[in-house]
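Heads up, the next two complexes both have subunit A, just with different partners, subunit B and then subunit C.
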Partner chain A sequence: MQGIAEKLEWIQLSLGYFLPELLLCVSVIFLLLASLFSKAKERATDAFALTFFIGAFVLSLLQYSEVSSTIPLFSGMLQLNNFSTHLKILIDLAAILTVLLSYSQKERKGEYYALIATATLGAHLLVMSSNLVMAFLALELISLPSYALAAFGFQKKSMEAALKYFLFGSVASAIMLYGMSMLYGQTLTLDFASSTFRQAIFDNQNYFLVISVCFVLVGFLFKMSSAPVHPWAPDVYEASTTPVVAFFSVVPKLAGLGILIHFIQALNLGGYSSIRWYVIISLIAILTLIIGNFAALLQKNPKRMMAYSSIAQSGFLLIGAITLNEQGIAVMLYYATAFLLANYLVFWYIAYFEEQTVVEIADYAGVGKTQPFASIMLLIGLISLTGLPPTAGFMAKLFIFSSLWTAYEDSQAIIYMMLFVVGLLNTVVSLFFYLKIPYQAFLKAESRTLTIKKSILVNLFGIIVVIMLLVLFFMPSSLMGWLNRINFAL
Partner chain B sequence: MPIQPLYILSALLLSIGLVIVIVKRNAIMVLMGIELMLNAANINLIAFNQKTPQTLDGQVFSLFVMIIAVCEAAIGLAIILQVYRHYKTSVPDEVTELKG
Partner chain C sequence: MQAYLLSLLLIIPLAGALVTLAMPSTSKQFRTIALAISLLQVIVLLLVFSHYSTQQNGLQLIELKPWITLDMGAWGILKANYFLAVDGLSLPLVALSVIVILIAVISSWKIEKSPKGYFALLLILNAAVIGTFCAQDFLLFYLFFEFMLLPMFFLIGIWGGVKREYASIKFFLYTLLGSIFILIVMIALYLSTQSIGDGELIIHSFSLVDMQDVNNIISNSILDPQRNVSILGMSARTWAFILLFIGFGIKLPMIPLHTWLPDAHVEAPTPISVLLAALLLKIGGYGLLRITYPIFPDIALELSWLVALFGVVSIIYGGLAAMASKDLKRLIAYSSVSHMGFVLLGVASVTPEGSAGAIYQMVSHGIISTMLFLLVGVLYDRTHDRMIGNYSGLSTKMPVYFTFTLIAFFASLGLPGLSGFMAELMVFLGAFKSGSTNYLLHESFAIVATFGLVLGAIYYLWTLQRMFFGKFHVKSGINNNLADVDLREKIMLIPLLLITITLGIFPQLLLDFINPFAEAFSSSILESGKTLRALLQR
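So, the complex of A and B:
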């Protein structure tokens, strides 16, 4: 009976810190029920979904100012700290933007938003989880709705994309689960934030541990669409609807990154680990950067190109994850924020042009003359993803590379130098494919006349995001000051 | 009961599952291979739990895995059904509208 009383007390204490997730749980149920009772009222469902996500966003923001140190929740299943709270804020922001982006889509019923809310809830739980059971469940809570969302185009090719995503995804999660079971065998605990786990890791520094951790990383890297488990991304991105693609390119990536950093932080034993995990992560980052950027050069479809771009971006995010100190984490979160905004800006205008039947990159020929405003907005988004001034992407890349350089100077590890060189080289390479669309738009002659739809809402959103990107360039301290409050110690 | 043979059994099951996933052409057979891999992990979890019988972490984990496996199979079969409706086949190799 003692045990039950203790558990109940845990739940009672934890619920106060669990409000954003509770709201998302309610929203899943509510959106499903709303779709049962009110048929064909799509505007109403949009409004409900938007309200719920804004609510979760505000609750996460409040949590950020409320939480100062790491708080364990639900008998150590979850851990709340400012690092995970910032990722949660970004995830909610992405969910809000996805709802706004879905505004012009045909297939948006209650189930659609319920699936998005479920995946968002999974992402929330994944960035907070400090237990292997919780990590597995949260990861599947992102995966399962994602498989269904990939099929939401209801076309022939979106079914194919969903099948590929599903087969790759379930094999990745099965391998991850096997890795978790091996890790459990060595440590005899599932709580990877506990001292028992760290002691066991310290006692078992052998190749078996490396193999099991690599198995576990397969699952996390799959969510980040990072090499060598990236091949699902291009097909899924090409065939799914644009809002869903934008959602896939941000939410599972940030969630996977959050759990990856927590996990590696636990394995790193505060630097006392004799296995150098940063070498493994660096090699993955180098591979991801090279595959993402070079494969993107060959693409003819903008969404497929953005798939490889998002693979490459996850390589840059991994660079932020390598240093594992407070400065590196803050920089990584800055990069994630800039990436999220620029990525949504690009997808917003890809969706805008898609409505005018501009589907392939070659179709963009001449749109810069007929629709200069939209083309310039798209250009700014792409420039920010490349990392050129005057956009937030430049500051983000600058911060990432300077933190990597500092790490190199501190440790003199040759792998950091290699990563630095590969990263810089790939930034140059990325310029070639990111500027493919603007090249077509501004320098080629128009091949056909398009029916232009006036859309004030789209451009209003574009202006807001561009202003945010510029503000983050001219006043990076506005966000860095906020991020420096992150107290990153496990 | 000695638990060492169980590790070998689970490793074998994982390998068989992986081979099925790679070799078999029908999506439903691939799904069965995935189930085998998940159950290999389940055997591991339950076997390792014998080292610390006072806690039930591993056994509870394996219960969750079973539930997730069911959900995954449900979604997977739904997707395979949709693919069959559009392509008149459930062999992933023949479903090649997207290049890559």
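So, the complex of A and C:
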């Protein structure tokens, strides 16, 4: 056991690396207190939340270090490396975009942002966790505010969705906790970055280990809304407000992905594991891709469709996670960036059309003629999610499948080839549902007249994101070159 | 100037699209802009011809600029270029594109439904088609290739006929499926190809020229013939060839991947049918000649019989289906399937005659199918009905129309003196020769294919008889006040007619461009194919 002095020393050493998280803690308290003492000032709350998230974003950005090694923090509870830093940057970016998207939200702004800040903090901690208990706490720190956020529509439907989310989430957490205790029983340590853990894993390569790991993965995959623990997503997405859905589809997903990669990396023992974890992840990815894409075909509600789309996208992100080498990580982060931008673009315009009472996919009929600009923006976002040129989505898919191909070339594992083919063929399936909204918008005749609210802010954001998506296609080196220079050694 | 001619050919329509988008949608000038753009392109095309030398073989008017250079650490360097050039294969097709697009713009003169969107999409499509034929870098090619899909989807889906939505979705899904197959091979190929660099890192090149060179295959990569990786019982190179073949076969289209074509053609408005038949189908044949065969010559020698088989089946089945069609546009769509089968047969023969015939057929079919679809459009404009059985004796009422149709039908069925004959003749020469020189195809392929000509004669003559001869009669309910071909239609039809006749009588005009390519193509396929197979056996 460590002495008090030693613990204090750890804390002292770690605090310098903990600034973004500290800022988020402050922001949670500040936003809550602000909403308690001064009512009504909606725009001020927006501005505060935005400032805090931008602050966290900048602080995370500053954490990029050329240091190749991983820095342990707080007695090895957390660890900071470039991979987690990059995920934190993306998570903060998503939080910023969520605030912008929540512009029209009216009720209980202070609490709302405090919840988002809490979940963001949880996501930060989760991608940095190197200890199973820490991972559990961080995961719950995302989950609990998420349950409340899901109910933020204040309607019967959203309450129901929140309750479903809560029940599913609790069960997933319970399974994960059970798996963790089983792992502890075998390894006698909770610190999965430690050599004790690796040694114990090396000595215990058996089915019991596989089962306990699978249990732990349930919790992570739940956050990623990945199959087979995805069924909460469609209901929750449909019933929640659009900014919250956009937040759900990115932040917990990236956080879950981060911890999953760290965890599998530890289990993989630098390639010396006799259990082929990549087969399990590949199977999960294949299942996720198929379920996500095919179920999306049947949807009539755009948010429900996007829920399945986000499930399918988890499958693609998992492909990036499989190779577990630096290139694979860099490519996965590129994909995550392209996904984040396109996803927010789509949700941005779904929210825009929602305000005009365009709720179901069929309601989009004819909007391409009356509001061509917004419809084209939405189309570009969807095209990027499909992965067609000339958008970032295509480059991201090209990179991610190239990474998978090199993995296949090195190992000759047939599972990689299966994943490769399933992944690419699913692109065709995904086109079918991603085109549903543009199909209604451009090909169908207008069924009713809508009251158009012109918003310069919305379109300005749209243009900026579209330009970014195009730049990421025509000049992939703008981001990829940067990612390649960073050392992602885990 | 010379160094930017091909880029100019692409930039002009894209700039036109931007101008179109910037204009208010109430404007009436969209068609004028599109026409001006097309005429400008004709001028640029003439400049391209003036700088092109038929004496020289290989790529000319090369534009090579670095586009993406990415250091991917352990993978090596990923390199894609902005690489445009033309040769004896590209140039005729580029010229065809410019001409056909000009005609399509004139044919779109009376579009009234949201002309702004229509002409903007048409201009984007214009750039994408020409870009596809000029790109010598796989990534660039793929970019243009995919870029055609969305404009085409909307052009069919918004301005099409009754079942336009179904047809456009079907078109999009089929083509995207094909392009995904091509994407799979593209990923495999660039990761297996290196270009010579000075550093220690491997440079993975997207350049098609690099991919065609046997020496650039990275040893021990999946596509290395010496490693001979087998996936599900077939070698990786065979898989790659087959995927490319299917990918381009969907576009071509070949039986049994053709089912999107009749629907798309029947539903599309006339100008779009023209573009589809005259240009988009050619990309299938172009892909075979530019990518599939030169990059996988070893498999090409092995599987040419399969390519030829699909060609012959397409010829015969397309002909039979055309014969059974009651809709005039559907008949022509199926005749396209039949004619594109000749392209497959010509390519598969790997002889100078056969490959030259394939290219000749692509150009000739591009011109003739444009005429045919325009002629259907002429009738449809007047009556809004395309059923063959609803008409008879049209020759008395519309004599000029009858003359045009007669010549177009004869050109399509391969009457000597018209371009279709020359193309098919060369394909047959190649296919027969292959049986005795390189032993790739059995003579029976060519023999069966000749029945395609008989079928062509049957369905065209039968259609002439049903629609044009006899007493004038149209089915009740159809506008029977039929005006003959007007001036605008003549402006479109007469140049096409002249081109068909010229190419039929003076084939050398076109063959001067094609021949150097065709000879180099067939000899290099045979040579490097044998080299690669020798590597495999070692």
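Heads up, the rule we're going with is that the second predicted complex is superposed on the first by the 479 of 490 C-alpha atoms of A that agree within 3 Å, B and C clash if a C-alpha of one lies under 4 Å from a C-alpha of the other, contacts with A are read in each partner's own complex, and residues count from 1 in each chain.
The rule is simple: a contact is a pair of C-beta atoms (placed from the backbone, for glycine too) under 8 Å apart; a residue touches a chain by one contact, two chains touch by 3 or more.
Source: prediction; values computed, not measured.
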Partners on subunit A (subunit B, subunit C) - clash or fit: fit
Subunit B versus subunit C as contact partner of A:69, first or second or both or neither: neither
Partner chain in contact with A:449 - subunit B first, subunit C second, else both or neither: neither
First (subunit B), second (subunit C), both or neither touched by A:160: first
Subunit B versus subunit C as contact partner of A:12, first or second or both or neither: neither
Partner chain(s) touched by A:274 [first = subunit B, second = subunit C, both, neither]: neither
Which superposed partner A:148 touches (first subunit B, second subunit C, both, neither): first
Touched partner set for A:184, first subunit B, second subunit C, both or neither: first
Contacts of A:439 with subunit B and subunit C, given as first, second, both or neither: second
Partner chain in contact with A:369 - subunit B first, subunit C second, else both or neither: second
Least Cα gap, in Å, left between subunit B and subunit C after the two complexes are fitted on chain A: 28
Interface residues of subunit A shared between complexes with subunit B and subunit C: none
List of subunit A residues in touch with subunit B within their complex: 132-133, 136-137, 140, 144, 147-148, 151, 156-157, 159-164, 166-167, 170-171, 173-175, 177-178, 180-182, 184-185, 188-190, 231, 234-235, 238-239
Contacting residues of subunit C [partner subunit A, same complex]: 68-75, 78, 114, 117, 142-143, 146-147, 149-150, 154, 157-158, 164-165, 168-169, 172-173, 176-177, 180, 183-184, 187-188, 190-191, 221-222, 229, 231
Sites on subunit B touched by subunit A in the complex: 7, 10, 14, 17-18, 21, 27, 30-31, 34, 37-38, 40-42, 44-45, 47-48, 51-52, 57-58, 60-61, 64-65, 68, 71-72, 75-76, 78-80, 82-83, 85-87, 92, 95-98, 100
Contact set on subunit A toward subunit C in their complex: 325-327, 330, 369, 372, 383, 388-390, 394, 398, 401-402, 405-406, 408-409, 412, 414, 417, 420-421, 424-425, 427-428, 431-432, 435, 439, 442-444, 475-477, 480-481, 484
